[in-house]
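Heads up, the next two complexes both have chain A, just with different partners, chain B and then chain C.
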Partner chain A sequence: MTTTRRNLLKFVGGGAAGALLTPAPWRLITDTALWSENWPGIPRPARGEIRARFTHCTLCPAGCAVRARCVNGQPVSLTGVKPHPISHGALCPWGIAGHHLPYHPARVRQGPVKEALAAVARAMDQRSAGERVAVLDLRPGRTVSWTYRRAMAAIENGLYLAPRQPAYSIDLAAAETVVSFGAPLFDGWGTPGNVFAARGNFRLVQIEPVESRTAALADMWLPIRPGTETAMAAALGGETTIAEAARLTGVGEEAIGAVKEAAENGPAVVLAADPSSPLMSLNAKLRALGRTVVARREAPLPEAWKKAAPVTEMAAAPDGAIRVLLIDESLPGGYVPWQEIEPKLAANAVVVVFTSTTEGYARHARYVLPSPVYPEAAEDIGPAIDTVGEVFRIAAPLLAPVVPVVNPGEFVARIAGLPQSDPLRERADAIHQAGRGALLGYADGKSTPAKEVTADNFWKTLNQGGCWMDDTGKKAAPGKLEFIAAGEPPHDELPLMVVAAGGRRGGLAPPLMSKLERESNLRMAANRVALSPADARSNGIENGGRCLLETACGRLSVVATIDAGVPAGVVEVAAGPRIADLCGASPRARVVRA
Partner chain B sequence: MIGGKIAFASGMLVALAGGWLAFPRILYQTRLQPVNFSHKVHAEKAGTKCEDCHSFRDDGTYAGIPTLDKCSGCHAAAMGTTVAEKNFIDQYVTPNREPQWLSYAQQPENVYFSHIAHVKLGHVKCEQCHGNEGGAATLRPYQRDPISGYSRDIWGRPVSPIGLRTEGGMRMDDCVDCHRRQGLEYSCMGCHK
Partner chain C sequence: MTAQNQNRRAKRYGMSIDIDKCNGCGACMMACAVENNIPPLPEAANDRRGVTWIRVYKVDNHRPYPERRIAFVPVLCQQCGHDTPCVHVCPQQAVEVDPATGIVGQMPERCLGCRYCMVACPYHARYFNWWDPKWPAGMEKTLNPDVAPRMRGVVEKCNFCHGRWHAAQQKAAAAGKSEIDPADYVPACVEACPTGALRFGDLNDSSSQVAQDAERPESFRLLEKLGTEPKIHYRSQRGWVREIANAPRPEGKDEARG
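Moving on, here comes the complex of A and B:
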């Protein structure tokens, strides 16, 4: 055989063909992929000592107990704590990925702190006699909330503003029938572990127009006509006939009769999407007060704190009177629509918001100051709506803030001239002095009566992720329940009822979970609305088409999804501050082609 | 014509031999452990069990390869007459210098593995994954894939059985196979948290 150019090429060709039949090229492809994962600059958890640390999640008022696996002091994974008597070892998807939050790309990373302090001081000096300094606390019931109240009591014309908090707790474990008017029971309503632990004992009737995730998991879903919940409640309370309710709501008489009978016979509880809804008054008729709806209890306070400013709702604040407004939006909580706040502000009002996100009040405030996010901040968590006993737990920080942050409590205490102290420690000492309840340490899973622990050890255990609980008190009926009337009645110009998909959470969502949720279509994107085919057709809207969501307060450009699961007369939107600002107290809208 | 076929077949044979025989040998870098440690001597003469050195911490996490403190507990002074022990004391114990062990079983950053769940709850024996390391008189050389950076023991389907032990395994396929055989749950998020 002679060596020719042709033979050489054939040799190379044979070599290439042969190489494909060996593992070499395929292995090199996968190895190269792995090599690219280890390029410099790609973040990797540090190597080092592996330890478990305990804390509590502050992403919602449930305050679930958390076990963090830390490598070299850096939390790398979060799980629940099984012995915890309320959260039962469960964590929601946000909680599982909560340690990603400090690194969120959309986090507020800097703010004009000195300028804000100077502007607040100047405005406080220059304000006229009737002008107020106010703090808006979106997550009342915490120890820092008492700092705000004390600070506002120390300032002349100080005002402590907070969204209305229910004066009751729900004892799900005592209920055999749960009648829910759109409450997202399985989607962020209470403590996830507590809800699922009690799930086997109650029958859930979900009454709402759309088939939400809770409706899909309910024992019975009653797809009611939008806006007819009051008629259904009247029938369940015996104020109107079942036939009348069936005519108005579009739900069959037999189904309404079955729900009425179940609610009357067993221990029942009625829940509403808005805890201040008048629908909650149905609980009194069903004899639920003191049984499944009980008085909300708060952990003991230092005596000196009781001289604090009262809680005022935004609607009760005088118009045009707030010269300085400090908004604590550091934790996701109740959102007060900006249209309710704006009329209360004086001319030249200084609005400062402590937040980690640009989505909420940062759009309206003059000064946006970066706040710590979970799990950077040391603070306590108020009782959740389904926490029956008194409870006190601290979210012990798992890492130091990764950006320069401002502690809202310290900022407010400073402008009010409160003496420097550690309010959490003072509160813990007051609880310890009360000598009630037991202290649960997660590291060892032991529950010890509080009176058998020294004050220092009590504090130390709380900071190691422990939890104080006292559920020994007698369950009492809540005081007089006050409700907020429903929004304005429907009118022809705004024919659609706005239904928010999922609970209003606000704040940053862990990047990993929000990506998974969006990609798997579990959570609606902020710029989308869902319409029934009939409503879309009548307005000339196509699936995926750009359109305008119009309410009494304004309009928002959105993308339409046509969904046969959405009933006619409803527009489903993603929950969030933008929609809250757009809809306000009147959840009526229309969708028109852009 | 025939010459062309021979050229093609020759090229193919060269590639096949290279891919199946030479490639597995050149793929891995081989490095020796810093100390010629004998598991066999420790197990047989000193009666040491695996968990005496490879212990769990109080909180249940696995301590992995023991640190020098553990070794110094027994070898502060020579216990025997071997050269290996004398070198170990001179080079590491006396100057209090931590040996830079090369871990065959070190998993990538994106893998979560709980020893306590497998050993204490699942009653899996050490040998089932690590092979008979405990009975070996010397530490075998550490082989590392320089492209991926991973140990040969934990990553990639075996390219060729040459030089690779057959029992046990710590690759993802080994984990999945074992869970599947025993009817246990396995999913991506179980390990890749």
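Moving on, here comes the complex of A and C:
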């Protein structure tokens, strides 16, 4: 056979056509894209030894137990710890992505530490007789809070300032009826796992103008007229008639009567959005004190710490007297609006803030010092509002700080001249010496009586994410709570009541929160407000349009969302430091087109 | 075929979602993003261009205030079990139904980015990568080593945390077992749900909780009339919630948040 050009072409053509009938070319087409997995610029996840470590979340006072999956020591995912008797394995969205916080692009990464120390020392030397040095602790009840109090006791005219803390705890498990005045029970109140674990035992009546996440899952939602909560409370407490309350609140008499009857009959508890609200005193009338509302208990302290400065509220501080103010904003907590702080400052006051975010007091302070963020710092977490017994747990650090940070406790102890020590270890030793309660280790899930553990093992277990608890003591009633029946008068210039959407908290939010805010509109972003169609129409505001939120204190540029679920007369906002500063004590506003 | 293999092929993983328990907290969305290495997207991303393999929608009964009521509906790939629309339209064989598990898998390395599957999906549960995946500096250290990040220009979607299924398989194999322990294979969203609204399991196993949930009278599936046999079973005692499952785009959607 001779090889001709024609035969060669026929062979090649036939071969090519025949190859199409085999899987080979299709396989090639699909698999040529495999290289795309290694596309330049796409990070490759690190591989290595995988281990589980345990800690506690410090992003809110719930202090949920956390199991971290670590690769080469680096946490790559966080989940709850199921055997934990309080948090029951639950974590909120913030907690799930908490290990991203150290890398937040908006984190405060540097600060003038030496200059701040020198300025504080100078101001302390130069202050006049009546001038004060103060610490504002946004998350009181921690061990470092006692360091601040001891430091302020050691400094002449020292002042320990903190937002008002409730002197009570709520025993949800003992309640059959929960009457909530806007408390975000299912959206950030207390310890989420504890709330959901108790959910099957109580009937929830949610009283608030907007159908929040909690109202949506409540057994009964009473859409009350904004600002008439006290009238409703007065009727439930028997101070006014149901008919009068129905007239003022816009809620039917039958519904109010049913709630009153349920609250009077069973073990009930009344909750308010603000735990220090006078509405809480309704619990006394419902005989809840000592049953569902009990005295708050704190873990044992070293004897030497009891010589500490008392807790002072900002309002009780003398005007124009604070020469040095040190603000611990390292953990999100109760934000005190700046307009409450400003009048208390002396003319040449030095304000230092320890923070990781530029959103809060960093906007007002002279020195902004970077603080550690979760999960970089060893901290303990005070008891949450729904923790009935005594509890002590440490947020064991999962990684070293990724930027140079200042430990606020050490800074304050240094300027007060306190001897160097490890307060967490001292506290743990004091608890161990008390010989009460049990120590729960998450790694093995075992609960051991504290008296059967050596002091060193007690400390070691706590640092491995363990938790000490003692809920054996007798439940006691908290102190007397005041009830203020006066409602807020209507305000003609500011016709809208500002209502905070639940869930959002201060401090840095993990970058992935964009999934819930911008990428899905599931949660309200910080720069958005929601209005009823009627209010939007009357002000010429369009959905998604930019507008100004104006209050008695100032104005803020925001984006409007028109939501038929928001009642007329209400503007729903995302809670946060900027809104707190804007509203101050009066939650009234108007929204105008920008 | 061995009896063992027959058993494996009998798996039909599915999920049950109790809408009356969902409080719309978004923990499932966050856990999913962390588990599957989904990056936070640039400022330009919105609800149309964002990537959220599971997305919680806020729906309402279209009544004026105060009769208006809301509910939260987590929507993920419905893992269609019959005539899976995305499988049919993919020109690249980048979407396949795993006969061993019933899971509809997406292979981004085969994907051309034509987005036919997104058009075909009746549930809008597929997402296109409009941008290169980028994490803030340092945050790439927190990536899950079991899941490869996807490149710009490909489609992705929920695969019931397939990496976890592989891990459970390996664990079972190491222990000399042919079947995985159901407790070892739970998707991240189910694990994270603080209210217990999400459950996961084998729909072919009549003793599993998820199979029993699917048989409840208040159980329903999204757009059931299309006949795609989704493996996500929702349930709600509220009639209006069940009704919207088969409704077209609700009136007033443009006015509603989300």
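General observations
Everything that follows uses one rule, which is that the second predicted complex is superposed on the first by the 536 of 594 C-alpha atoms of A that agree within 3 Å, B and C clash if a C-alpha of one lies under 4 Å from a C-alpha of the other, contacts with A are read in each partner's own complex, and residues count from 1 in each chain.
We adopt the following convention: a contact is a pair of C-beta atoms (placed from the backbone, for glycine too) under 8 Å apart; a residue touches a chain by one contact, two chains touch by 3 or more.
Computed from a predicted structure; not experimentally measured.
In the superposed model, A:Arg363 makes contact with neither chain B nor chain C. In the superposed pair of complexes, A:His104 makes contact with chain C only, with no contact to chain B. Counting the residues of chain A that each partner touches, chain B and chain C differ, and the larger count belongs to C. Looking at the shared chain after the overlay, A:Ala19 reaches chain B, while chain C stays out of its contact range.
Applying the stated contact rule after C-alpha superposition, one finds that A:Arg27 touches chain B and leaves chain C untouched. Once chain A of one complex is fitted onto chain A of the other, the partner contacts of A:Arg593 are absent, as it touches neither chain B nor chain C.
Once the two complexes are laid over each other on the shared chain, residue contacts for A:Phe11 go to chain B alone; chain C is not touched.
Of the two partner chains placed by the overlay, only chain C lies in contact with A:Phe196; chain B stays clear of it. Of the two partner chains placed by the overlay, neither chain B nor chain C lies in contact with A:Lys307. Shared interface residues of chain A, touching chain B in one complex and chain C in the other, are 30-31, 34, 45, 50, 77. Within the complex formed with chain C, the residues of chain A that make contact are 29-31, 33-34, 36-37, 39, 41-43, 45-48, 50, 71, 74-80, 90-93, 96-97, 99-100, 102-105, 186-187, 192-193, 196, 211, 213-214, 216-217, 223, 402, 503, 510-516, 518-524, 530, 532-533, 543, 561-568.
Those residues of chain C whose C-beta lies close enough to touch chain A in the complex are 20-21, 23-27, 29-31, 33-35, 37-38, 40-41, 43, 45-47, 49-52, 55-56, 58, 60, 64-66, 68-72, 92-94, 108-112, 132-151, 154, 188, 191-192, 194-196, 252, 254-258. Residues 1-2, 4, 6-8, 10-19, 21-24, 27-28, 30-32, 34-35, 38, 44-45, 50-52, 77, 443 of chain A touch chain B in their complex. Per the touch definition, chain B reaches chain A in the complex via residues 2-16, 18-20, 23, 27, 59-62, 108-109, 112, 145, 147-150, 155-157, 159-160, 193.
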